[in-house]
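Chain IDs A, B and C follow the sequence of writing; residue 1 opens each chain.
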Amino acid sequence: MAEDDDPQAPAESLFEAPPMGEQERMVEAILFASADPVPVSDLAARMPHGSDPAEALAHLRKRYEGRGVQVVRVGDAWAIRTAPDLGFLMHKEVVEERKLSRAAIETLAIIAYHQPVTRAEIEEIRGVSVSRGTVDLLIEQGWIRFGRRKMTPGRPVTFVVTPEFLDQFGLESARDLPGLKELRAAGLLDNRPPPGGPGDEDDDGEDGDQSELFEE
Amino acid sequence: MAEDDDPQAPAESLFEAPPMGEQERMVEAILFASADPVPVSDLAARMPHGSDPAEALAHLRKRYEGRGVQVVRVGDAWAIRTAPDLGFLMHKEVVEERKLSRAAIETLAIIAYHQPVTRAEIEEIRGVSVSRGTVDLLIEQGWIRFGRRKMTPGRPVTFVVTPEFLDQFGLESARDLPGLKELRAAGLLDNRPPPGGPGDEDDDGEDGDQSELFEE
Amino acid sequence: MAGDEFQADVLSVSERMAAEALIVDVDGYEGPLDLLLTLSRTQKVDLRRVSVLQLAEQYLAFVEKARHLRIELAADYLVMAAWLAFLKSRLLLPPEPGDEGPSGEELAAHLAYQLERLQAMREVAATLMARDRLGRDFFARGIPEDVRRTRRVTYTATLMDLMQAYARIRTKDEFRPYVMDRDAVMTLEEALERMRGLIGFAGDWTDLTSYLPEGWQVDPGRRRSATAANFAASLELVKTGAVEIRQSDTFAPIQIRKRHDG
């Protein structure tokens, strides 16, 4: 450079500055390892005499253009940062699998068999109140959603199962869910006839209810 | 690529992986963002489906050859580290390290070269007992940890070195320990018991008996 | 002994200085093996060719000198001296017929091996410490960007779970799901269910037998089943960290208490 030949050049230039490629490496290493953004003056102080950190920075900045990280200016200082479009990589999702609680699976079963069904109806069938958390969990999981309001006093909301639910449980439609008779045949229920005999009103009524519900 | 047209291509290719250049940028961003080495499995988990972090790493490693920072392997993980020849620029970053005692240094070396190794074996090699403090210090530094128990009488615990140890000493794997091959060839890493040393036979016999008794 | 003292007195000044230098160093040695390694260096040969006999003599001379200067050597130095004296005699004398145990040569070879191994470990330790080090010669990222971790919980349930749940609800009033009638049997599940409720009240050590439900305490069959179920249930609770369990002796009462965190 012309400056080097200048008889007025400062005494420091007695020591030859490293080649620009080396200077660029130095800036790269310093920016990488520093805990804070580094001002140009700091770079100059740390690099060998006669170095030109500003020029090295310009080269380095260019080199990182379009890369996964970039050389960016932070106030008066410089730092290396993740390219903005790759921010999503700095996000790690940990998936944890848990078994559905008994309350949740029962609630889900009732909704599947009786949809559209109100909270009051679920509680009546289960015999216990349904916690808000249980319903929220099932909604969050994507297995149930709100159906249309019932045309009864108070116009309560109803719950129905979602396509995700069908997908999860390998069903074409909620109608494919086996009825009580089939459950019994599958050995899931005791084979003993209910106390009221075969014509038991309740049992029949249930099956009837169910099919009615599905036949909308 | 031809592979994409292959009807036999695996189902994963339904989701097209990003171009290799993009994958390289992603690996670059992830490695830059982390102070600790990142396992390849972590890279794969964070990159889009179908990505090939190993190939991207190979490209990236090449790209950084001779630069101010380098892509280095640490066990099963990868990290970016400043080039060792630029250490002189980093005086500011040097963390004053606790000076290790001679006992600690030798114990560390013995664990590295003989791992998995029991406390008794370390003592046999050094000819003096290993103090609790020495082992505690090395564990605290994160350089050694407990390995699996040895299948010898008494089932003693063993010590092995950690990935942090590899990182600290710039080793790709424990196989790259300096002089390892020569030591092995010279038989100096064999577990050579003393030839019926004074009292040793008796001790061994007892230990054996004991463990047999306890294992019933 | 008087003779020894006299001898020590007539040692020349330079000899005494040399002897003392050696003695002063004793503290610097990390045990007899370390000292032996240092002594072996005076032979100025490859450790593989070191003369163990000569080494044994050097060591014994060292110990003798220490005795002259009334330096108390640690027990392990004296043990090594005794062993080396034994080794020396083995190396010098022809083996007695019917002699058991390893030969002098075998013992000497092992000692040479130990010295060589210790020396090798010291050399690699030095090489290791001289390597470029993280945080000294090369550096990690100064401003690591934290990875945000989010936890997503997914729940699993099968169609079978769903149907069983429904069957359970729809049949609980009319009839029970299929179970065998076993009056005198308490299941682990029953005991667990019961104990989970009760354990909250057990602040201090309580005999496990006091957890037996009403009606299960007298009839031997029922009592046996309930005890076994309660015991299994308490182990289950211990496993989950809910309770602690203890038994002071074989056949002594088994006691449990609620576990207090921290």
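Definition applied: a residue touches a chain if its C-beta (ideal position, glycine included) is under 8 Å from a C-beta of that chain, and two chains touch if they have at least 3 such contacts.
Chain labels with UniProt names: A, B = SMC-Scp complex subunit ScpB; C = Segregation and condensation protein A.
Remember, predicted model here, so these are calculated numbers, not experimental data.
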Identify the chains in contact with chain A (SMC-Scp complex subunit ScpB) as well as chain B (SMC-Scp complex subunit ScpB), in label order. C
Quick one: which chain's Cα centre is the longest way from chain B (SMC-Scp complex subunit ScpB)'s? A
Chain closest to the middle [Cα centroid of all protein chains]: B
Distance between chain A (SMC-Scp complex subunit ScpB) and chain B (SMC-Scp complex subunit ScpB) based on Cα centroids, please, to the nearest Å. 33
Taking the mean of the C-alpha atoms as each chain's centre, how many Å separate chain B (SMC-Scp complex subunit ScpB) from chain C? 21
Could you state the distance in Å from the CA-based centre of chain A (SMC-Scp complex subunit ScpB) to that of chain C? 43
Two or more other chains touching the same residue: where does that happen in chain B (SMC-Scp complex subunit ScpB)? 32-33, 80, 82-83, 90, 93
Where chain C touches two or more other chains simultaneously, the residues are 139-142, 145, 147
Would you mind writing out the residues of chain B (SMC-Scp complex subunit ScpB) in touch with chain A (SMC-Scp complex subunit ScpB) in their complex? 24-30, 32-33, 45-47, 66-69, 80, 82-83, 86, 89-90, 92-93
What residues on chain B (SMC-Scp complex subunit ScpB) touch chain C, complex-wise? 32-36, 79-84, 87, 90, 93-95, 97, 100, 102-103, 105-106, 108-110, 112-113, 125-128, 167-171, 177-179, 183, 186, 188, 192, 194-198
Using the touch rule from the top, collect the residues of chain C that touch chain A (SMC-Scp complex subunit ScpB) in their complex. 139-143, 145-159, 161-172, 174-179
Given the complex, residues on chain C that touch chain B (SMC-Scp complex subunit ScpB) span 30-34, 76, 83, 101-102, 106-107, 110, 113-114, 116-118, 120-125, 127-129, 131-142, 144-145, 147
